[in-house]
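Chain IDs A, B, C, D, E and F follow the sequence of writing; residue 1 opens each chain.
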C-alpha cells in the first residue's frame, strides 16, 4: 500500500502530470492560455504515429507473440461488454434516461488513447516492459462499444438516426487508421525503420506529451467550469467508480491471457479509460438527443484526471503484485 | 449593374453533420454552397467554444445562394438533416450578379 | 415550409472585446449567437490582417438571429460595449425555421 | 436605436485574387470591408475543401457594408476583378448603426 | 536491373514511403484522418528551412564549386524549356485545349520541392554525396516555366489577365524566398551555425518528413477521388511519361555539367517532378480559364506518387551507373 | 569597444538573427511567405514552456538564491516606474497626446519575452551563467506597467473603460501563467524532470527559435510597411532611445542587487524591451482611443530589431565589464 502511495507520489511529481495540473489550474482561474486547435491536433497525430510505430517495431523485434490474436479478441469483447456494465451502473445510481445512459456507456466501453500513451510512458520510465501489440489492442477497442450502446438505446426505444455512413466513419476513424497504419509501418520496417526516425518519435516524445497534457488540462478545466449543474453526485460517483470496475475486468482478462506485468497494466488502463474523441462525434450523429456535455464532462473532467493521477500508478502496482513481478 | 433576386440560406450545424447536409443538398440538386468555420456559439444547448472540446469538431456555417423558386426544395432537404440536431437555419432576400450561375 | 420573421444582427468587433460582448448579450437575455473568425479587414482605423500582428487577436464576427421585438434590447446591449471601440454593427431582415428556438 | 439603410455585399472569391479585389475596392473608394476564411464549397467548377489542396489557398469571403448610393461603384470595381474568375457576389439590404462610419 | 528493383523495394519499405501510402490508403477508404492545414504548412516551412540551411552549410564547408553558376543557369534553361516539350506531348496525346495544356506544362517545367527533399533523404541514407548548391538550383527552377507557359497560352490566343503584380508574386513566392534565404544563412554561418541548430534541422528531419508525406498521401488520395472523370487515358499516360522524359533531359544536362552521382540524381528528380504549390496559384491568377483540378490531379495524384515510389530509386540507379560510381 | 563590435558582429552572424533578418527582408519585398498563426502560437508556447522549465530546474539545482525575492520586487518596481520615464520622454520629444503616450509607456514598462529568450540563448552560447529565477522576474514585470500607464491616462483625463474583468485577465494572462507554471514545474521536478524532457526542451531550442524569429521578422516587416506615416522622427528616436534608458535603469538595479554578469545582462534586456503581446490586448480594452498601430510598430518594428541586433551584445558587454567578469 505504502508502495502504491509512493509510486503515486512519484507519478504526480512528473513533468507530464504537473503540466496537466497546470492546464487545469489555468482553466479554473479563467486564464486565457490556449493551445491552438491545429497545434493540439498536430501533437495528437504525432503521439498516435509515434506510439503506433514503436509498438509495431517492438513486435517486429521480439517476434509475433502467440497471444496477439487472443489479446485483440479480448479487447473487442471487453469494449463491447463494458457498456452493458456501465449502462446498468449509471441507470442504478443516477437519474439519467436511457439515451443519455447509453451515450455515456459508449464512452466508457471505448478507450482514451492519451491515457494509454501516458501509461506507456510511465511504464517505460520504470523499466517495465509491455507487449508492443497493446497499441493494436487499443485500436481494436475504440469502436465495438458504440455498437453495444446503440443497441441499448434502441432497445429502450430511443429515437435514433439510421445512417449507413456511420459505420464506415467509425471503422475508418482518423485515430484508428493512424494507430493501425503506423503500427503496420513499424512492423514492416522494424528496427531499421525505427533507427531512421527515432530522433523524432522517441527522444522528444515525453516533452511533446507534456505540452499535450497541458492542453488536455485546459480543455478538461474549461469543460468542468462550463458544466456546473450538469454533474450530480450520482454521475460524479459513476465517473470515479467506473474506471475501477473497468480496470477490474481488464485485470482479470489480462491475467487469463497471461500478459506481462506491463501488458496487464495497459489492458487495465484501456478498460478504465473513457473516449472523448471518436465516440462523442459518433454519438452526435447517432444519438442526437443525448446531451453531449454530460458524457464529455464525465470522461474528460472526472475519469481522465482520476486515471492520470491515481489510476495509472494503482493499476501498475496491482499488475506488478498480481503477476508476481 | 444587372442583378437578380435570390435567397441566401445560412445553416449553422454540427460539424459531424456537415457531410450529411451537403450530400442531401446535392441530392436535392443544390450544387452551390460555401462552408465557413465557426469559433463558438450559444443556444438552447448552452455555450460552447472550440477551446472546450478535444475532438473539437464544433460547428460550421453553410451558406447557399439559390433561385427563389428552388428555396422550398432546399429547405426540405436541409430540414430532413437538421431536424433532430442542434443548429439554426435562416433565410434572407438577396440579389446576385451572374444569375446564370445559380 | 413554415418560416418566421427574425432579425439577423452581425457585429464585427475586436477579439479582446468578444467575451464582454457575449456577456452583455447574455445579460440582456440574448442567449443565441454564433461567433465566426475574421482574417482581416479595413476601416477607418486602416487595414489589418492576422499576419500583421503577434498576439494576432484580430477581430471576430458575432451573428445573432433574434425575434424582431427583441431587436432594440439587443442593439442597446451591444452598443454599450462597442460604443467606444472599433467595429461595425449591421442588421438584415431574415426568416427562420423552428421559431420556438428564438 | 437609430439605424441607417445600407447594402451588405458578400463576395466569395479565390484566395490568390483577394489582394487584387481589395486593391480594386480601395481604388474605387471602398475602404470598409471584412475578410472571412472559407473551409470549402461547391459550385459549377465542382466541390472543393481545404483538405484537397496543398498550397490550400482555397477561397475567402469579403463582406462590405456600404451606403446604397455607392453600391454601383463597388459592384463595378468588384466585377472587373471577379469577372473571369470563379466565385459569387450577393447583395442584401441592411441597416447599420453609426452611419458616419460608412 | 535487378539491382534497381532491389533498390526500389528497399525504398518502398522505408517509413517515409509507407507513410505516404498510409495517407493515400486512408483517403481512398474515405477515412476522416486529416493533418490540419496550419500543421502541414508548418512542416513544409520546417523542411524548406532545413534543406536550404543544410545545402548552404555544405557549400560553406566544401567551398563554392565552379559549377555552381553553370548549374543554376542550366536549371533556369531546363525549367523554361521543359514546358515546350510537355505542351507538345500533351497536345499530341490528349484532347486538352491550349489553355489547359499550357497550364499543365507550367506545372511540369517547375519542380516539386517535397520530391527533392525525399530524394535528398534517400541519397543521404545510402551515403551518396550531392552538391549542396542543388537546393539553389531547385529554387531557380521554380519560376521560369511559368513564363514559357504563359507565352504558349498567349500564342494560342488564350484569354489571360495582364497583371503587373504577378511577376513580383512569382519571384518572391514564399517557398523560393525561404529556400534561398535559408541557403544563404547556412552559407553565412557554416558549420558553426549548423552545430547550433542541428538537433532541430538534422536529427528529426526524416521523422517530420514521414508525417508530411502522410499528409501528402491524404491530399493526393482526396484529389484523385474528387477527380474521377477529369483524367482520361491520355492525360494519365502523360503523367507517367513526362517525368521520365524530364528525367532524361536532367540526366543529359547533369552529365554535361559533370555533377557528382548524387547531383545527377537530384537534377533528374527536379526535372521529373511537377509543382503543386507555386504554379497552381499563379495559374489561377494568370490563366483563370484553365481547369485547376486537372493540373493538380496530374501533378499530385499521378506524377508525385510515381516519382516517390519508382522514380527516385530508378533515377539514383541510373545516375550511379552512368557516372560510373 | 572593439570587443563590443566583434561581439555584435558574431551575434549578427548567428542563424537566429539572420532568420529574423530574412523575415524582415521577405516582408519588405512583399513576399507571401507566412508562418500560420497557429504554428507561431505553438512555437511561442514551446519557448515559454522551455525557458520557464529550465529556469525552474536551474533554481532547483543551485538552490534558492537569497536574492530571488529582492530581484522579483525590483522587477515589479522597475516595470511600474519605467512607464513614468517613458511617458515623460515621449511627451517631450513627440506630439502624441496623453492617451497615446500612456499606451506607449505601458508597452515599454512591460517586457518582450522573445527578446529575453534570445538573450538567454546568446548568453548560453557564450558560456555566461545567469540566475535561473530571471524567468520569474520576467513574469513579474509583465503587468505592473499597465497599472502605471492607466493611472497616467486617467490623470490626464483620458476616456477609459472601468472594467472589473481586466485585472484578472492581465494577472492570468496566458504567457504569465505558462511562464510561472513551467518555472514551478521545473522547480518541483528538478534535474530528474529535466532529464526526462531535455531532448524536447533543450536540444532543438535554438532551431525553433530561428523559425520563430523568422516569423517575428515577417510580422515586424509587415507592421513597418503598414505603418508608413504613423511614425515620425520623434517617435522613431523614442523607439531607439528608450531601450537604452531602460537598460540603464536595469543595469543600476542589477548591480545594486549583486546579480551575476548573466543576470545583469538579462535584467537590462527586460528593461530595454517592450511588450507586444499582453499589453496591446489590455490597451484595446482599457484605452480604446489609443492608436494600436503606433505602439505596436514602435515596440515590434523599431525597438525589437534594435535590441535583437545591437542591444543584446551591447548589454552583455556592459554587464561583463561592469561586474568585472
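Here, a residue touches a chain if its C-beta (ideal position, glycine included) is under 8 Å from a C-beta of that chain, and two chains touch if they have at least 3 such contacts.
Since the structure is predicted, the reported quantities are computational estimates derived from the model, not experimental observations.
Enquirer: Among the other chains, which touch chain A and chain D together?
Expert: Both-contact set = B, E.
Enquirer: Name the chain whose C-alpha centroid is most distant from the C-alpha centroid of chain C.
Expert: Looking at centroid distances, E is the chain farthest away.
Enquirer: Based on the averaged CA atom positions, which chain is farthest from chain B?
Expert: Farthest by centroid: F.
Enquirer: Find the geometric centre of each of chain C and chain F from their Cα atoms only, then give the gap between the two centres in Å, rounded to an integer.
Expert: About 35 Å separates the centre of chain C from that of chain F.
Enquirer: Taking the mean of the C-alpha atoms as each chain's centre, how many Å separate chain B from chain C?
Expert: 18
Enquirer: Report the inter-chain centroid distance for chain B and chain F in whole angstrom, where each centroid is the mean of the CA atoms.
Expert: For chain B versus chain F, the centre distance works out to 45 Å.
Enquirer: So which bits of chain C are touching at least two other chains?
Expert: Chain C, residues with two or more chain partners: 36-37, 47, 49, 92-93.
Enquirer: Find every residue in chain F that makes contact with two or more other chains and list them.
Expert: 34, 36-39, 41-42, 203-204, in rising order.
Enquirer: Pick one for the touching-chains graph, please: line, ring, star, complete, other.
Expert: other
Enquirer: Which pairs of chains touch each other?
Expert: In this structure, the chains touch in these pairs: A-B, A-E, A-F, B-C, B-D, C-D, C-F, D-E, E-F.
Enquirer: Using the touch rule from the top, collect the residues of chain F that touch chain A in their complex.
Expert: Listed in rising order, the residues of chain F that touch chain A are 36-39, 41-42, 45-46, 49, 53, 168-169, 172-175, 177-178, 181-182, 184-185, 188-189, 193, 196-197, 199-201, 203-204.
Enquirer: Spell out the part of chain D that touches chain C in their complex, as residue ranges.
Expert: 1, 3, 6, 8, 22, 26, 31-37, 60, 65, 92-98, 101
Enquirer: What part of chain C is in contact with chain F in the complex they form?
Expert: So the residues of chain C in touch with chain F come to 14, 16-17, 19-20, 45-57, 84-86.
Enquirer: For chain E, which residues are in contact with chain A within the complex?
Expert: 13-15, 18-19, 22, 25-26, 29-39, 42, 125, 203-208, 210-211, 214
Enquirer: Can you tell me which positions in chain D touch chain B when the two form their complex?
Expert: Within the complex, chain D contacts chain B at residues 10, 12, 36-44, 47, 49, 59, 61, 72, 75-76, 79, 88-93.
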